[in-house]
Structures are given as C-alpha cells and as structure tokens.
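Common to both upcoming complexes is chain A, partnered first by chain B, then by chain C.
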Partner chain A sequence: MGELVVDKHVKYILSVEKRKDSFESVVLEHLRMNGAYWGLTTLDLLGKLDALDSNEVIQWIMKCQHESGGFAGNIGHDPHLLYTLSAVQVLALFDKLNVLDADKVANYISGLQNEDGSFSGDEWGEVDSRFSYLAICCLSILHRLDKMNVEKAVNYIASCKNVDGGFGCTPGGESHAGQIFCCVGALAITGSLHHVDKDLLGWWLCERQVKSGGLNGRPEKLPDVCYSWWVLSSLIMIDRVHWINKDKLVKFILNCQDTENGGISDRPEDAVDVFHTYFGVAGLSLLEYPGLKAIDPAHALPVDVVNRIFFQK
Partner chain B sequence: MHGRPRKAPKPEDLAAFSAKAEKLRILQSQFLLNHHQKIYTKEAVELSAKLLEINPECYTAWNYRKLAVQHSLFESNLDPDAVNSILNDELRVVENALKQNFKSYGAWHHRKWVLNKGHSSIENELRLLDKLQNVDSRNFHAWNYRRFVAALLNRSDEDELNHTQDLIDKNISNYSAWHNRSVLVSNLMKKKVQAFSQKDEVLIREYELVRDAVFTDEDDQSGWFYHLWLLDQTVKAESPLLTSSWPAHGSDITLSGDRYLDLGSSPFNTYHFDSGSLPLILYFNQAVEGVNVSTVTVSSGFNVNKDVIWKPILSNNSKTAHVWVGQLKFPKVELDSLGAYTLEVTLGHSQGIISSGGFHYSHPSHFSFTVHVQPARKEPVDGFGSEKISWRDENFHIYEPDSLESHLVLPLDHLSIKNEHELSDSSWQEKIIDEEISNFRELLDCKIGKLTLARLLTARDALVPSDKSVHSEEVLRLYSELMKLDPPHSQFYKDEHSLILFEKVISGRESLLSYCFRYRNLTSSSSSNPICLRLNGLSLSRLGSFEKLLWVQMLDLSHNELRSIEGLEAMQLLSHLNLSKNKLGSFTSLESLRHLKSLKVLDISYNEIGAHSVDTTRYLCSSPLCHSIGSEWDGSELVTDGVSLVSYWEAFFILKGLKLTQLDITGNAIADEKFTAFLAEVLPALKWLDGVQLN
Partner chain C sequence: MDAEEHKLPLSQNPEWADVTPIPQDDGPNPVVPIAYKPEFIETMDYFRAVYKANEFSPRALQLTHQAILLNPGNYTVWHFRRLILDALGIDLNEELEFMSGISENNPKNYQIWHHRRWIAEKLGTDVASKELDFTKRMLFLDAKNYHAWSYRQWVLQTLGGWENELNYCHQLLEEDVFNNSAWNQRYFVVTGSPLLGGLEAMRESEVKYTVEAILRSPENESPWRYLRGLYKNDPKSWISDPQVSSVCLKVLSAKANHVFALSTLLDLLSHGFQANQEFRDAVDSLRPSNSDPPDSDLAKAICSILRHVDPMRVNYWTWRKNKLPLSV
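Then we have the complex of A and B:
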C-alpha cells in the first residue's frame, strides 16, 4: 500500500483551476463555488491553504452574491442554498466571515423555510432534507440559528426517517448515505441526535463496508470514495465508527489515488476529480491518518476553524 | 468522475473534446446573456433546451425555463391548447435531459414543477416511470417521483403496494422496493385499512415474505433490515411504561443524617441525608415528557410533598427523558426519635405523560416504599467522604449478607415494577417469535442467520421478564461466533455481546451479590459505607440495563473496554465512580457525568483522553457547537492564566458543574501540568488530584 501523496494532490488541486478549457470544467462551471470549497478545504486539511491568494478567492466569492443575500455557483448564475453554504464555508476557512453582511445571508436562508419546517433550495421550491442541512449548517456558522424555526426544521428531518434507521430526501424517500449525512449533521448541529436510533442506523451504516474495504452508499451498490465522507462522518456523529474496519478503508482510499498526477477517484483506476479528492482526504482525516488536520464531522470544516467560530469570542 | 476509467486521452480525442468544450462554452455564455436580459424568444428558449440536453446539471437554465414558461403562459391567455403545448414542450426537454443524466435533480424537479401547473396527461407519467424503472430499478429519483405522481393521482396505498410487490417478484433483492413496501405497510397499519387492521396477521404475512428474501440469498441485504423492522413491530410497546424506580416498590429505606447506622439497616437501602431531601427516581421504558405533580401523585402521612419539582435527566435539546427525578422532603425529626413513613406513588391515572413517539402513559402504576428517617446524633465526623478513597483490591471484601440482613436485601429481587399491563396477553408475540426462532435455527451457517437468531432470542427473553434470561448463554455464544465469522464488524458484535453479558451479570440475586463488595475503611469503624458494585475486568465495551442499577452509589468499572458511558446518567445516586483503564477517548464521552450531582470521587486515569484527533462524541455532548448550551454562555466564565478555552472546552463543560473532591486523571494524553493546573481552577472543591492532596 502506498502512502498519501500529499504534494501531488496539492499540485493537482492547484492545476484544476488552470485547466478551464477542458470539457469537464465547462460542464461543472455552474458549481464552481462547490469546487472552491472542495479544493480549498482539501488544501487546508493537507496544511497547504496558503498556496493560493485568498484575496482573489474572496473577491470572486463576493461577486457571486445576489441582492437577495444568497450566493450562486458562479458569476452570472442564480443563487441557491447549495452555493451559499459553500461560500460561507470558504470564507470561514480564511477567517474572513467579517466581509459578509451575516444578517442579509441569514434572511435569505430563513426566507426559504416552508410552513412544515422543510427548506426549499431556492425560490423555485424544490424541497429536500439536504437543504435543511445546508440552511442549518450555514446559520450555525453565522451564529444566526435563531433566525429560523429550529423546532419545525428538526421535526421535518425526523419525518424523513425510515424503518432502517436512515433518512431520505423527503418523507417516504429511501435511505441513502449522503442524505443520512445531511440529516444526522443537521440534527447534530441542533443538539437533536436523540431523534436518531443510533444502534439501528449504526448497523445499517457499518454494513456499507464491502469486501474491498470501501464503503457504498446503499445496500447492494458499488463502493465509492465519496462515501468515506458521508458514511464515516455519520458513524462518527453517532459514536459508532468503531463498527467498521478502518485499516481496510484507509487502504481502499489510498488505492484510489493517482500517484502519478495527483487526485483521487471514486474507485481504483478511475479518472480523478476534485470532488473525490476532497472526500478521500476528508475521509482519511476522519480515519486519523497521520499528518492531516482533523475535520469536523457536522460542519464539514477543519476542527480548528470550527472551534475558532464557537469558542473564540 | 464516476465510473470513468483513468487514462490519458488520445490526441485525436483531445481535439474532439476541446471542440465540444468550446461549443458548450458558447452555448452557456449565450444562455446567461438571454437570462440576464430576460429574453424569452423562441430561439432563446430553444437554446436553453440545447444546453440542458448536453448539460442537465446547469440549474440556472432550468430556472430560466420556468421564467420562460410563466412568461408564455401569461401571453397565452390561458388558452387550454396553448397551455398544453407549452407544458408538453417542457416535459420533452426533461425527458431528453434524463436520457443524458438519469440522476439530474434539476430535471426531475422541473418535471414536478410542470405537473404542479396542472398538466392533464398525468397518467403518462406512470408509463414513463415503468420504462425508467425497468432500466434502473434502484434509482431513488424515480422512486421519489413515483410517490409524487401517486399522490397527485390519489392512488391508493394498496395499489402502490401491488406495484411494489410486482417489482419484488421480479427481483427479490430490490432494496428500494422493500423500502417502499415498509412505507406503505406502515401507512396501511396506521390507518387500519382492511386486511391491515390485525397487527399479528399482517406481521405473520410479512415475515413469510421476507423470509423468502433472506433464505434465497443470505448475503443480500434487502431482507435484513426489513426483518429487523418486523421484529421491532412485534415486540415494541407503544405506550410508555414505568420500568423501575428508586426507592423500589416494597423497599425500606433508611435516611441517615450521619454516617453511623444501626446494625440491621441494609447498606443497599441506606441513603445519606446530606442534602435534606430524598431523590425519587423514575425510569421509563421510553423517553417521556409530562412528569409533574398532576401526573405523578406522591402521598405520605405528612403534607410537605404537594409541590415536588420533577426534573428530567435530559440529553442535548431533547424534551423527553427516560429518567425523571423528584426531590422529596421530610419533616424534621426530633433527636433520638425515629420517624417511619410509608410513601405511595401513583402515576398514569390521568393523561399527560407522553412518549417521544406521541403515545400516552395509559396503564396506571402504583408503588410504595417505607422511609425511616434517622436524625443526626453526632457532629459530622471526618469519615467516608473526606479521606482518600483507594480502589485497590485489598480494600474491598465480598459482601455477605448475614441472616439478620438478608431479608432487607430482598428489594433487589423486585426492583422492577409490576405493571398491571404486563399481565395482558402477549401470547401472539411469543408465538410469532418462537416460529421465527425455529426458522432461523435452519440458517446458522451464515452471519445474518446467526445475528437474527441472537436478536430473536434476546427479544424472546425480554417478552417474559424474569430474573434470569433463559437464552443469554446461547446469545453470547452466537455473538462470539459472529466476531470470528465477520472480522470487519467484530466491534459491533462485541458491543452487542457486552450488553447481554452486562445484563446477565447484574440480573438475578445470586449473580449480583457476587459482584457486591464492602469498602474497608481502614481508619474508620463505620459500617455504613455503601455497597460497591465491582464490575471491573469483564472486558465490557458497552453498558446497559441501567434500570436495574438505580440503587448503586459506588461503582467500579475499571479494566474494561468502555468507549462511552452513555446511559450512566440514570444512576443518580452515584457518589464514587471508577472508570480507570478503559478506552474513553475524550471528555465529551463523559457527558453523563454532568447529570450526576452526587458524584464526589472519580477515577478516569489511564484512558485515551486527548490521544485522538477525532472525537466521536463531539456532537453527543451538550455544548455551544450543537447549540444545546444556550446563548447565555459567553466564555467569560473561564478566565484563567494562559488557558485557552479552545483547547479545554470539553473538560470545562463536563466538569464545571461537579463538586468532585477526588479525581484521578493520570495516564491520559491530555493530563499534562498545564491541564492539571486548569483542573484545580475548575474544581474548587477538589482535595485529591492523582493521589496528591491539594491545599
């Protein structure tokens, strides 16, 4: 088993920004804000956040903000919760939350809460428990959780719980590891983990580990590096992460590295991307891989960043 | 990129990619221009369709199309044909986009949005879905969309159940279909629709169906979780119940104002009256709310307990709790006189106690106990409680109740409360579980067979409460086998094993007594030291059955493998606790201690506190991080020289409310000089730290 090729991954992340002409980067242009969060958080976990100019990034982020207070995935696109959280997270990484009008952002977010406690992703009304997480996490970072109806928000998430202990997009939706992360994360941040049946969900989650050591996102599916984050962080939040074999998972993630050009892919020998590079490195951080900064399983930012937000007043 | 092989593209492909990228870039910038200038001409709208066909994830383009639809609906003057044609165009664009990416959130939502505009051809949607689900029967977008369409069409749950059944018949390992079945069957049972009104009949049918799935392919997980859900449905009590209390029903409690007791008082039932009140602890089988003076009546010969204040032992921001504590006050007793009072506690006679699931406590329960109040006769002496406690083996000797005492130990045997409800008929449950047990005995060569059998046997034992669990030996053996059979999950089985072992050890008078010790206080002749329950060195990784341990004041859990002490907060009388030599990884894993207001002596030495970068109880512990310590906390409480709260917030929040007099913390990564200095500030009552007397 090889080691984590830190320098190659740093180089890869920095190079992605420069390859704006590839078909992939054009296809993903609308979610550049997510890309910035994945890439920069990875750099921070690897201890290399200072490898790029933070002012340039912050200026670009602020150009993505709309009058409503919400952020778009890129300049010229529409605002959405998905990108609003990423924008706030990146500003938090750089300790630059002060450039924001926090109340304005908070008003945008709380304005998307529906009567039943759920959240729409934007003005067009798509409802999904993912959006509940985005809203809760973002308002938590901004110290503005009191702007929403937390009790209703929590009850809505609880209504998405299934008999297998997991959570779906909406009430009745099938459990999925990504969705479980969102719901468990939202419940964690609101001090509401008593809504989770930890043993039942823990068993479902630990059975996501397949023979190769990798994790899948639903029963009878293929493993994928991104679930190293979704499943692991959920298992950690409910204190059941010792129910999987961590060494085998570390091996699986390391085997998905492109040791030549940097970057991590979904499965060994597949093409790498920033998304999986982030989830691989974040997963290794959750597995206490040496040399990496620790990441917070609910706010999805390095622990030192989160502690700075909550304990340094 | 999902599922795309990692290889350098060939030069000729590179050129093609680059041309494709250029084309898309032009489309996107032209589209954004149209969007910003609010241009909704036919050409502009067409362009957005082209863009979405190539890149269905471009969410702004879906937004643009919705604006365009609103625009043209307005222009159409709501002429039905025109409206239909506008909406049909949208459905076509969505279909093309889904061909490109079946998992595009934006495309699926656009379709819902169009249908919500009142499109008339909704029956088409089911046909389309059948086509799509044939290609990928696990696509959760399609399933979500199906539930949406079924609701729009007002399709009955029975019809949808038939459809789900078809998919299961086609492929018995379709987890998505089993999931949908669980949703529909739950609904039908809740609504008590015909054929679903008799719970036992429904369950028997469902067991039969899922058994097919599990026995067809035991490695296929589709049936695993469904079977566990059925088991839960079989045994779960809906209404909350009182499981146990302290003082226990029928017990004689001696309340002593000092440390000298008459011989004959059982150390099991002695409580020191330091605080001037006696805690009454109620343990419910589910977390409940609504315990107060109107739902719980405490009657005694005297009049002072009309206004008992009941407090829940809460975790995080929950409003419901398993454990509720009320403080009982007693009239002042004259010197040298002995007051004896019988207290009767009644609950469930009126509605108001409600479980977190919304069920009412509906079975009246009643219990009573006697309290002997013994006044203080001497000046408090420097005895137990002020000298250093040593947990060494030689300071303990096994407790042997003498003949005089033995009858007083009796309450241990009926710590549990007999609820009238338990006499009700559970024979159908026993029958179903016995049937499943005999089925799964046929499937013992695989892990799900062993695990399910272990769960069934545990459930069977729990159905008939008795002191001894009939099947515990067999269950322990099954979990041991599972640890070997399925090494990646061995810690899961180990935890289950530990729960069963723990319950076995503390259940039954004989077993329990073999773990009860007297602390030999070398310098004091007092006979009143409480019993120490010594469960050390049992390789326990997890604790449970706390409802049976409400009486414990001194507990030794050292030399185990505990990572967490969740649930220990139920043991409200604990004053001495030894957790040395376990695997506790952080202060947040000690959240339970925060609720133990009587705790004086704590040993957490030789654990792993501070040794891990990942804290698995970070969000299970009340703190500003999870907004369960309110905004009233401003951080100024902790102003000590050179100590930053960022490094020690966990210890601060756990320890600051405790009145510890003795703490052992050595042998943890966190316990350096700086930290011990910090402890001395947070715990002003501390007399002994790591064996050293403080000034």
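Then we have the complex of A and C:
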C-alpha cells in the first residue's frame, strides 16, 4: 500500500485546467461552484489552501450571486440550493462570510421551504431530502436557522426513513448512502438525531463495506470512493464508525490514487476527477489519516473552519 | 429550420443575424477553469442572448434543444425551455417524445426527470400508463436507476396505475432477486397501494413470498430486511410467527451463507424469542472448531460465530455480544 501523495494531489487540483478532458469540462460548466468547493476544501484539508489567491475566488463567487440571494453554479446562471451551499462553504473556508448579506441568502433559502416542511432545490420545485440538508447546513453556517420552520423540516426528513433504518429522497424512496448522509447531517445539525435508529442504521451502513474494503451506497452495488464520505460521515454522526474496518477502507482509498499525476478515482484503475479526489481525501480525514486536517462530518468543512463559525462570534 | 441551416454556425446563419451573442464570464483566473469546445461556446453565447431577452420563439426552442444536446445538465436551459413551451402552447405529448430520445443517453440526469415530471403533471392521469412504460424501459437499461424509481413512485402516487405494480416487482425480482430497488418498490406497493389493503392484509402472502426468496439465496441482504419490515410496529407477531424462526432454522441447517439467518435469529432472541433445542443444535454445529469453548448462552454463541464468519464487521458483532443481557 502506498501513502497519500499529497503534493501530487495539490498539483492535480491546481492544474485541472490543463487537462484536455473536454467532456468533463462541459459537464462541470454549470456546476463550477461545486467544483470550487470540492477543489478548495481538498486543498484546505491538505493544508494548502494558500496556494490560491482567495480574492479572485471570492470575487468570482460574488458574481455568481443572483438578486434573489441564491448562488448559481457559474456567472449568469440561475441560483440553486446546491450552489448556494457550496458558495457559502467556500466563503467560510476563506473566513469571508462577512462579505455576504446573510439575511438575503437566508431569505432565499427559507423561501424554498414547502408547506410539508420539505425543501425545493430552486424556484421550479424539485423536492428531495438532499435539499433539506443543503438548506439546513447553509442556514446553520449563516446563524439563521431561525429563519426556517425547523420542526416541520425535521418531520419531513423523518418521513423519509425506511424500515432498514436508512433514508430515501422522498417518503418511500430506497435507502441510499448519499441520501442518508443528507438526512443524518440535517438531523445532527438541528439536534434531532433521536429520529435515527442508530443501531439499525449503523448496521446497514457497515454492511456497505465489501470484500475489497471499499464501501457501496446500496446493497449489491459496486464500491465507490465517494461513499467513503457519505457512509463514514453518517457513521461518525451516529457514533458507530468503529463498526467498519478502517484499515481496509484506507487501503481501498489509497489504491484509487493516481500516484503519478495526482487525483483520486471512484475505483482502482479508473480515471480521476475533482469530485472523487475530494471524497477520497475527506474520507481519509474522517479516518484520521496522518497529516490531514480534521473535517466536520455534518457541515462538510474542516473542523477549524466550523469552530471559527460557531465559537468565535 | 431545415437541415442545411442547422449545420451552419449560428454566427453565419441569417436567421440569427439580429441576435448579439453574450459570452460566458468565468471571472478572473478561474478556480475550476473550463476548456470549452467552439460549438458549445457559440450555442451558449446565443442562448444567453435569447434568455436575457426573454425570447419565447420557435428558434429559441430549437436553440434550447441544441444546448441540451451539448450539456443536458444545465438546468437554466431546461427552465427556459419550459417557459417557451408554455408561451408557445406546444403539444406536450410531442415534448414527451422528444424527452424519450434524450433520456436513454442521460439516465442519471436530474433535469431530465424533473422536466418530464413537469410535463406529466400538466398532461394528467391520461399519461400514467405511458409514464410507467417509460420508466420500465429506463429500468430495463438499469434496474437500479434511482431517478427512474423516484419518478415511478411519483407517477403512481400522483397519476395512478397501481394495478400491475406488484407483478412488475415480481418480474424484476425473478430477473434479479438481489435487486434492492425492486424490494424497496415492493414495500412501497404493499404499504401504499390503494388496491391491496395495506401491510397487515398483505403480510401472510408477502411472508411466504419472501421466505421462498430467502431460501433461494440466503446470502441476499434485501429479503431479510424486507421480512423484518413486514412486521413494522408489530414486533410481537414477528417473534411469534413460526415462519420467521423456521426460515432461520432452515438456512442454518443448510450450513452455508448463514450470516443473515444468524443475525435475524439474534434479533429474535434479543426481543424475547424462546429457542428450542433444534435451534441450539443448528447453531452449535456451525461453531468453528478452533474457537473458544462453547457459550452456554445461545445469543452469545451466535455472536461468536458471526465474529468468525464476518470478520469485516467483527467490532459490530462484538458490540452485539457485549450488549446482551447477562445469561442466567
């Protein structure tokens, strides 16, 4: 087993532009804000956030803000909760939340809450428990949870719980590790983890570890580095992370590295991308891999950033 | 727009001569810089222009088509397309046809499913069977496509069409009994279909069905969890129903793939199930020869075996063992 090639991953993230991978570029165009969050959080976890000029990033982020208060994936696009959280998270990384009109952003978010407590992702109405997390996490970072109806939001998330202990995208939707992270994260932030059957969910989550040591997101699916984040963070939030085999998971993630050019892929031997590089490094951070900053499992930001938000007011 | 014009770059196309394209502003020194293709740049530059001008026209509709083909993930384009469809009063049945062509190449794209839902909501119950057929086609390509399942559940709840859903679940499980999505859908139908009478009414036949599936593949996590789910809010029936304990016993006696049988029996014991000698013998026969001296307590003995046969989760089974009440 090799080690984490920190310098190569830093180089990879900084040099994404030089790759001629136009397919990924086109796909990334509208969600550049997520790309910025994945890349910059990874750099921060690796202790290299200063490799970038924060002023330029912040300038660009603020150009992505819509008059409604929400943020778009790129300049001139429409706002969505997905990008609003990423924008706020990146500003938090740089300790620049003060450039925001927090009430304006909070109004945009709380305006997306529906009568039943659920959230739509944007003004056109797609509903998904993922959006409940985005809204709750973002309002929490902005100290504006009082702007939404937390009780209704929590009840909606609880209604997405399944008999296997997991959570789906809507009531009745299949349990999926990504959705579970969102629901458990939202419940953790709002102090509502009593809605989670921790032992049952913990067992379901640790059943996601397959022979190779990697984690899948649903029964009988292939393992993927991104679930290192979703499954692990959920297990940590419900205090059951010791139920998986950590050594084997570390080994699986490290085997997904491109040790020559940097970056991490979904599975060993596949092509790397920024998304999986983030999830791999974040997963290793949760596994307390040496040399990495610790990451907060609910807010998906480095712990020092979260501490700054909540304890240095 | 005819085929010839379609090939012409927009900048040279007389139909577009009155529009001034608006270039993308990526900001200074982009964090995640993007290498755009020329065709993509041009289409999006013209798109930004018609979007900004609120131009609800056939040519703008055609332009959204091109933009969608270049990047079906851009939800601003989809949103604008809906505004145009509304403004021009386009027959949405045609739009459904248009969608079907795009969906098969982009089965995991959120916008495609959201757009489809918007159309189906407008067309109403008449398209229920059409939409169920469509998701069936998508699930034929990938039987675990989360978006397709989510959409299918929405169609059933909003537009109806529950009549054949249990059969459909059965069909998918015949094809792949490990398909957790199909088991989840089965639970959705059994608990939610207005035609079936609810969980309790369905329990007996469902338990029989599930037990058969378990006996065919005892290593399959899904039916074991489904079986437990059939007794939701009724642990007493779960413990006392001989079908549950006997399927455990049958799998244990076959001496292969018995992790879930052991864990289910452990759950039963933890909830007060009284096991007879037959269970004790079956568990005892699975005890690895090199293990510690036999536990007199059945639940502890089960945990010890699970620690041995499922080493990946040894900490979980140790925790289960430590959680057990002290044996008398």
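Note that the second predicted complex is superposed on the first by the 308 of 313 C-alpha atoms of A that agree within 3 Å, B and C clash if a C-alpha of one lies under 4 Å from a C-alpha of the other, contacts with A are read in each partner's own complex, and residues count from 1 in each chain.
Here is the rule we go by: contacts are C-beta pairs under 8 Å (C-beta built on N, C-alpha and C of every residue); 3 or more make two chains touch, one makes a residue touch a chain.
What you are looking at is a predicted structure, and each value in this text was computed from that prediction instead of being measured.
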Simultaneous placement of chain C and chain B on chain A, clash or fit: clash
First, second, both or neither for A:310, with chain B first and chain C second: first
More chain A residues in contact [chain B versus chain C]: B
First (chain B), second (chain C), both or neither touched by A:40: second
Chain B versus chain C as contact partner of A:56, first or second or both or neither: second
Contacts of A:104 with chain B and chain C, given as first, second, both or neither: neither
Partner chain in contact with A:16 - chain B first, chain C second, else both or neither: second
First, second, both or neither for A:32, with chain B first and chain C second: second
Partner chain in contact with A:175 - chain B first, chain C second, else both or neither: both
Partner chain in contact with A:271 - chain B first, chain C second, else both or neither: first
First (chain B), second (chain C), both or neither touched by A:286: first
Stretch of chain B penetrating chain C in the combined three-chain arrangement, among 8-16, 80-88 or 350-358: 80-88
On chain A, positions contacted by chain B and by chain C: 21-22, 25-31, 72, 76-78, 80, 122, 124, 126, 162-164, 168-170, 172-176, 202-204, 206-207, 209, 218-221, 242-245, 248
Of all residues in chain A, those that touch chain B in their complex: 21-31, 72-73, 76-78, 80, 122, 124-126, 128, 140, 145-146, 150, 162-165, 168-170, 172-176, 188-194, 200, 202-204, 206-207, 209, 213, 218-221, 224, 236-245, 248, 258, 265-267, 269-273, 285-288, 294, 296-298, 303, 306-308, 310-313
Chain B to chain A touching residues, read off their complex: 1-7, 17-18, 20-21, 24-25, 28, 32, 35-36, 55, 57-60, 62-63, 66, 105, 109, 112-113, 138, 140, 143-144, 147, 173, 175-176, 179-180, 182-183, 186, 220-222, 224-226, 228-229, 232, 287, 315-318, 320, 356, 487-489, 491-492, 495, 563-564, 566, 589, 612-614, 616-620, 622-628, 631, 634-635, 645-646, 649
Residues of chain A that touch chain C when the two form their complex: 16-17, 19-22, 25-32, 35-36, 39-40, 52-53, 56-57, 59-60, 63, 72, 74-78, 80, 122, 124, 126, 162-164, 168-170, 172-176, 202-204, 206-207, 209, 211, 218-221, 242-245, 248, 274
Residues of chain C that touch chain A when the two form their complex: 22, 24-37, 40, 48, 70-71, 73-76, 79, 82, 110, 114, 117-118, 144, 146, 149-150, 153-154, 178-181, 184-185, 187-188, 191-192, 221-222, 225, 228-229, 232, 312-316, 319
